[in-house]
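One chain, subunit A, links the two complexes that follow: it is found with subunit B in the first and with subunit C in the second.
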Partner chain A sequence: MTYPETPRRSWVQRWHVKGIVGTVVLVVLLIASSRMTGVDVGMFFSNFGQFMNLLVRMSSPAWDYTAVIIQPLLETIQMAILGTTIGAALAIPFAVLSASNLIHSRLLRGVTRLFLDLVRTLPDLLLAAIFVAIFGIGSTAGVVTLAIFSFGMVSKLFYEVIETIDMGPLEALESVGASKVTIIWYAVLPQILNQFISYFLYTLEINVRASTVLGYLGAGGIGVFLQRSLNEFNYSQTAVIILATLVVVLVIDGISNHLRRVLL
Partner chain B sequence: MTQAPIISFKGVNKIYNNGTVGLKDISFDIPRGQFLVVVGLSGAGKSTLLRTINRMHEITSGEITIEEEPINDYKGQSLRLLRRKIGMIFQGFNLINRSSVERNVLSGRVSYYPTWKTICGLFTKADREMAVRSLQRVNLADKLYTRADELSGGQQQRVAIARTLMQDPKIILADEPVASLDPLTTATVMDTLQRLNREDGITVIVNLHSVALARKYADRIIGLRAGQLVYDQPIAAVTEADLNRIYAEGEQV
Partner chain C sequence: MTTMTVMTKPHRTIWQRWNWLLWVVVIGALYYWTINGLKFTGLQESAGAVSQSIVDGLVHPQWSYVYDGSGEDLLSLILQTLAIAFLGTIVSAVISVPFAFWAARGTHERFFLRSGSGKVVLTLIRTFPEIVLAIMFIKAVGPGSYAGVLAVSIHSIGMLGKLFSEAIENMDRGSEEAITSAGGRAGQVFALATVPTIMPEFFSYTLYRFEIAVRSASILGMVGAGGIGTPMIFAIQTRNWPKVGIILLGIVVMVLLIDSLSEQLRKRLI
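Now for the complex of A and B:
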């Protein structure tokens, strides 16, 4: 049987050189970094008893503590909603200024993106520590931290969405004689709105989880109570807080997943 | 006719940044109310020619005048006012898919409003009625509240025409308006353009691939090849052989 004439593959393609080299490099990097940082995987198993001990002490949750933590849990959710909303709203103009298909000036785009990169490099825990120092212990510090954290993350997601839109409607609006702002409002916004909301909900999910940790630094919410119970070795209370947080995160994730499915 | 031309090209050249020649020494006049069809191969410069008229493309040298006003130096507000009187129809319709037909049609009117009013959607009652009337003219008034992407291709192109009508245009530029439509809807769209030309006296300039359509609708046909104007005849003088020569590659007309 003779094959019809087909183009020949180069030896790089035939021996899958790129895939094999990539895998080898990845494995070498993994081994090298675990050597250098001195991570001892064995310790995880030898100290497993400690872990079990903690679990046993948490196995009798103090259910009556639930009433106490409802208020801070709600505060955590409110912090997340407020912070995400403020951050996402601020992100919209910056996302527009970073999108290469809307802003042709490289300088303006470069400066905006550099600024966003800088914001993103600040870890949320560092932000929380700073704002607790500025605003004092309480949820204001938490909201500001989450707003800045969401702003950095969402602005990048947003401008990447903007760069994928269909440019046809923009051309049409431009030919009509519309101003730049009108063009964005009429031709860009409807195309990206659903994805914006989807990313907003995704960020909200992350922030609900993050804000429990931020509270640990004194930035308000349930984290404050988590820290207190751990400091007092009151593991039956810790158990209730963890379970309640889990329920809240699951519910928020469920709602947001559902909404995003409906939207996209 | 002694009336001044509505559009006039005088020695227009367009060279793209990468050195490609878009248009080469184009000079011709378009009288008011003409139905002009531009034919030529893909890449001959038809789209470029059309887009220089509303300054969506800049020219390198030469002069274009519209209603005897040179348009080369327009910018900002004056450019938007120029574009307002020139409607444009695209091959891909370019509707805002997720928005309603009404909003798409009204978007043709935004250049009559300050930006903040367009953002708040503060259109006057008269303009909302005008949107309905525009849709009636393309026989789609019943689709007012339908989402644009729920319409068929031919319907979308008619919505695009209704959007253009909202500009109250003196000129309509149509860039391959039927290239992605089937023969039946093609006829509807071309008939609509013809009606606007005859009833409203709008000057219509259409880029077409189809020689048959060009002969059916045009008052006058011009041909482009490699950015040059190689053919220009009133419809009465156009022969099948002429048109075939425009499409025959490498041959001189």
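Now for the complex of A and C:
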């Protein structure tokens, strides 16, 4: 009589090598990084009173400050709208160039995508700091920052949309000898327009959030007032600014979510 | 006589036919308001010269800054930035788990009071700007990377909690039911079915959040919360463009490396 063979576990499985090695690596990394950053749990709790004091002062917002910040808040929204629009407009040609179903040259695609990857690595505040140095303090630097920032994000989203389109209409137009521009206008555009607008709105949401802190480095909008109130230790004003920002973000998110639901 | 069939267009109401015009007006007005509302300072006189020197600095980075053994060089600060992001993400992932179970919509829940309140709290945390958090923690623990770690840990809860709770809502309940029907107690169901099912997704989201944390850790230094941002803002303020160039290069390489590493790991997880 032969017994069915019991499944053999390899040495790696039997001693849980993967799990143990993973845990050890994680613990070593945790210890190394906490030593490097000088984390001191005790200090946090001994200074916790100070932190709470800050929160308490924030919890009584100076409501009369609202009137002052309405204008900069609107400016923040305007910066976000304009920045996103410019960024999205710039992104379209780059998205077309990096879509694998439209551009067959691997080299061209690779170069464009590498460029886009490089743009995407730069954090928004870093860009703001550089553009403030170029354009001076004011909303222009903010708009340019948001344009570059959204360009990186939107172009990736756009080319991923383009890559999912149905190739049938394209082949039909190609077979009757239409030019590349005609193909894009009549076969590509109708398929992607709604998704483009949806991603545009999504980017706008992110940009509204981002633009609220850009002013911290002088790039216009509500962030300028945020920095001022923090520098003057006027936390009740800071609280108003944060709450007002929250309201604006929620309203924009709501509108954009509604529009996106209608579109898709 | 030939019969002619006339193709009638599907009937559309006036509203359907003309509502695009409304959109044109609304969007036009929006852009009119936007462009008129912004005060364009225009280019400063020095803008050309500054851009020239920025490009110059980027082309000729200050290579000597990469490593000089002082502990204040690019490599040590990049490592410090990564440490801030790593520690912040891990701490926040641990704290996010209870938040996620709080905010996840339960199958038998009525009126969604519990999950609704959890979602509101997570949204509040998410909207609180990371920079402001960093400044608050600097007041509490002094300037340095510790404040950065705290800012990343607290801010990430907002997003990780949301992603985790969505993972819980969408998880496969099959193994939970199996353990329950075999007579498992609530604790056993949790340990043997819930945790193993959602762990890979939690890990994957944590890695994704780590990618974002690396970016934010590199700018938190601009307000004094440690990492590469501090020398960056000093270099920009003192117009030391070769140094800005090398730091930018460092950040770009760091982010690209971390992104591809994390992508590899995430592919293996799911």
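FYI, the second predicted complex is superposed on the first by the 213 of 264 C-alpha atoms of A that agree within 3 Å, B and C clash if a C-alpha of one lies under 4 Å from a C-alpha of the other, contacts with A are read in each partner's own complex, and residues count from 1 in each chain.
In this section, a contact is a pair of C-beta atoms (placed from the backbone, for glycine too) under 8 Å apart; a residue touches a chain by one contact, two chains touch by 3 or more.
Predicted model, so just to flag it, every value in this text is computed and none were measured.
Note on subunit A: of its two partners subunit C and subunit B, the one contacting more of its residues is C.
Using the contact criterion defined above for the overlaid structures, shared-chain residue A:Ser59 touches neither subunit B nor subunit C, since it reaches no partner.
Contacts of A:Ile134 after superposition: subunit C is touched, whereas subunit B is not reached. In the superposed pair of complexes, A:Leu125 makes contact with subunit C only, with no contact to subunit B. By the touch criterion defined above, A:Gly38 reaches subunit C but does not reach subunit B. By the touch rule above, subunit C contacts subunit A in their complex via residues 30-31, 33-35, 37-44, 47, 50-51, 54, 79-80, 82-84, 86-87, 90, 123-124, 127-132, 135-137, 139-141, 144-146, 148-150, 215-216, 218-219, 222-223, 226, 229, 232-233, 236, 239, 244, 248, 251-252, 255-256, 259. The touching residues of subunit B, counted against subunit A in their complex, run 54, 56, 79-84, 86-88, 90, 92-99, 103, 107-108, 110-111, 115, 118-119, 160, 163, 167.
Within the complex formed with subunit C, the residues of subunit A that make contact are 26, 29-30, 32-34, 36-40, 43-44, 47-48, 50-51, 54-55, 74-75, 78-79, 81-82, 85, 117-118, 121-126, 129-130, 133-140, 143, 209, 212-213, 216-217, 226, 230, 238, 242, 245-246, 249-250.
Residue ranges on subunit A touching subunit B, taken from their complex, read 166, 168-169, 171-179, 181-182, 185-187, 190-191, 193-194.
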